[in-house]
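In the two assemblies presented below, subunit A is common to both, partnered first by subunit B and then by subunit C.
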Partner chain A sequence: MKIKIATEFSSTPGARYREDGPNSGEEFFERILDSAYKRAIEKGELLVVDLDGTEGYATSFLDEAFGRLSSKYGAESVLKNMTIISNDEPDWVEEIISYIKEPR
Partner chain B sequence: MKPFSDNLLYIFIFLAGFVFCLISFNLVQIQIDYQVSISDILSLIVTSIVGIYLGKQIQERHLANRFEKEYLMGEIVKLTQYMDTKHCFKNFNHVNFDEIKAAFKEINIMLTNLEMTVQDSNYSNTISVREVRQKFSTLRRQVLNISPINDYIVPQQSQVILINKEYKEFRRQLFRLITAIN
Partner chain C sequence: MRKMLLIEKKIYRQRAKRNKWKKLENQKKNSQRKSERRAKQKRGRTDKPKEITVPVVFSMQENINEVVQFFQSITNLYKLNIRSVFFDFKKVEKISNGAITILLSHIGWLKDKGIDSIGCYPENADAKDFFVKSGFLDFFKTIGLRKYEKTQNAIIARGQVHIDAELTAKFVRQVSKTVWGFNEKNQKLQGMLIELMANTVNHAYIKSKHQRGWYFSVNHISEESRVKFCFVDNGAGILNTIHKKFGEKISSLIGITNDKDVLQRAFDGEFGSRTRLSNRGRGLKAVKKTFESGHIKNLKVLTNNILYDFDKKESIEITENFHGTFYFWEIDKTCNT
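Moving on to the complex of A and B:
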């Protein structure tokens, strides 16, 4: 199962919270990521999150979305059931893994 | 072939030439009746061809090294010039969120290309982009972790000091790379 943020959410992801402006990490988690993760687990599939094609990310967006996913389901489960694609900016993969391992 | 072995080769060619001249000069001086055979001429021609070929190879290698060095330095300069043109890097007191986010993405792509170029170059063992990358990640995190207000990031004064420090460190690391290449 795959989510492409640029097409399924926004090509201009915002900051952390809804009050920070449109397309926030909070909104992405609640509207897309959480439900996609649940469906992937139910189907026994790997969730692939594709970060490419946007105009860039704020660290706060990624921290909020993936950090919350980790807080909700546990770092071990998220790292086992989800994979990140980021060919435009490969260092995001490592950064997101650190948010998952140490959620806020 | 490394520059050190190139130097050894230069010395060897010089010494060979020197010995050859010395012998020729002595033969003329003492007027030995020296018969030049076909095999002597052939060996002279072969030696000359080999010498010219080696010289050409060394010259080409030096040119390639110089091109590589200039290319890498040009890429780093291009990166710093890109930052100079961006308004968001001039004043961290009031930064447009979308502008700096896009600028960080662009710099990140440039850094990735630079890393790959360094890896494929002769400098792969002597220089590393890792520290530049670390400084970049820290700077990006410090800026983009701040929640924007009406599309602008307005850090507190203490945060501005830290961001400025990190930005200077990032640029310093870039210039250190140029020094290392040079």
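Moving on to the complex of A and C:
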């Protein structure tokens, strides 16, 4: 199962919280990522999150979205059931893994 | 025994009634006092604008101490009972984007305090040209100024937008056009800008003591394929925020007490990882990473009384305290896309 942020959420992701402005990490988690992860688990599939094609990401967006996913389902489960594609900026994969391993 | 209880209950009810009445009376008195105080303040306000002379070299890079001192004098204005300030630019010979962006942020702060700002243009032709084309005047009503050529230079402020990644992306693409000649995204720059805006919105303010807002300016120097950026907030400043948050714990957390070191460690993300408060620290770390990966150059940060130059890895202590945080950086063809 695959979600592409640029087409399914926004090509201009914002900051951390909804109150910061539109297209926040909080909104992405609540509207897309959480339910997609649940569906992937139910189907026994790997969730592929594609970061490419956007104008760029703030670390606060990634931290909020993936950190919350990790807090909710546990780092081990998320690392086992999800994979990240980021050809535009390969650094983000490592960055996100660190947010998953050390959620807020 | 039963009779006693009934009397006690009656006394209790009477006391409660009396206390309630007293409370209402006090509230009435307090609100009267407040409105009297406000009216008195208004009556005492002087109509004559307070004149402030802008430094001749109005540049953060070339005249930092005098310029910061000038901003400090603006910060003290709210203590005076004035309605307006007149900024005298007449003798100004040089203006930098950073200085006018900070000035704009201070003017916003004065406005919040009910103080209007007016001013005049510099007599020096180059300074006037820079002043007019910077985007500064978009925030004011202008008199006696002929229609000027619209440039890509701009200053945006929170209030016009909150964090609008779409608008930021538009600015970023214009930057790519000036520097590399094509309308292309720059994901690292985009991420850094959102980070700075978010950092300001979430962490820069201690209660309502400071103006909530940020000002961001871009200055395109097309002939050199170079763009200069400034970002400023009038918050508490990084160092004051850290001191307020961690106080005496700083030395036990990271083993240092020197402000220069504290600032450098803040950009290393130490206050996020060591305190497990991850959202406090990752933003600053991301700014440093964008510089280290060569996507931006000549990054300087002024906060409170420390100016940190990322190129030279050097901190300078300035004489006056700067209220807030000021970032300056550049992008040219030598930077990574």
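Everything that follows uses one rule, which is that the second predicted complex is superposed on the first by the 104 of 104 C-alpha atoms of A that agree within 3 Å, B and C clash if a C-alpha of one lies under 4 Å from a C-alpha of the other, contacts with A are read in each partner's own complex, and residues count from 1 in each chain.
As a working rule, a residue touches a chain if its C-beta (ideal position, glycine included) is under 8 Å from a C-beta of that chain, and two chains touch if they have at least 3 such contacts.
Bear in mind that the values here come from a model prediction, so they are computed numbers and not experimental data.
J.: Could you classify subunit B and subunit C on subunit A, in the superposed arrangement, as clash or fit?
T.: After superposition on subunit A, subunit B vs subunit C: clash.
J.: Considering only the touch criterion stated at the top, classify A:E102 as touching first (subunit B), second (subunit C), both, or neither.
T.: second
J.: Of the partners subunit B and subunit C, which touch A:N23 in the superposed model: first, second, both, neither?
T.: Once the two structures are laid over each other on A, A:N23 reaches subunit C alone.
J.: Using the touch definition from the top, say if A:G67 reaches subunit B (first), subunit C (second), both or neither.
T.: Only subunit C; A:G67 stays clear of subunit B.
J.: A:P90 contacts which: subunit B (first), subunit C (second), both, neither?
T.: A:P90: touches subunit B, not subunit C.
J.: May I ask you to decide whether A:G56 touches subunit B, subunit C, both, or neither, giving the answer as first, second, both or neither?
T.: In the superposed model, A:G56 contacts both subunit B and subunit C.
J.: In the overlay, answer first, second, both or neither for which of subunit B and subunit C A:A15 touches.
T.: It touches subunit B and subunit C both.
J.: Is the number of subunit A residues in contact higher for subunit B or for subunit C?
T.: Counting contacted residues of subunit A, the larger count belongs to C.
J.: Report which listed segment of subunit B has C-alpha atoms clashing with subunit C; options: 2-10, 20-28, 56-64 or 164-172.
T.: Between subunit B and subunit C, the clashing stretch is 164-172.
J.: Check subunit A for residues that touch subunit B in one structure and subunit C in the other, and list them.
T.: 12, 14-17, 20-21, 55-60, 63, 88-89, 91
J.: Would you mind writing out the residues of subunit C in touch with subunit A in their complex?
T.: 161-166, 168-169, 172, 185-192, 194-195, 197-199, 201-202, 273, 276-279, 282-283, 285-286, 293
J.: Report the residues of subunit B in contact with subunit A in the complex, numbered from low to high.
T.: On the subunit B side, the touching residues are 97-98, 101-102, 104-105, 108-109, 112, 133, 137, 140-141, 144-151.
J.: Tell me, which parts of subunit A touch subunit C in their complex?
T.: 10-17, 20-23, 54-61, 63, 67, 88-89, 91, 99, 102-104
J.: Provide the residue numbers of subunit A that touch subunit B in the complex, in ascending order.
T.: 12, 14-17, 19-21, 55-60, 63, 88-91, 95
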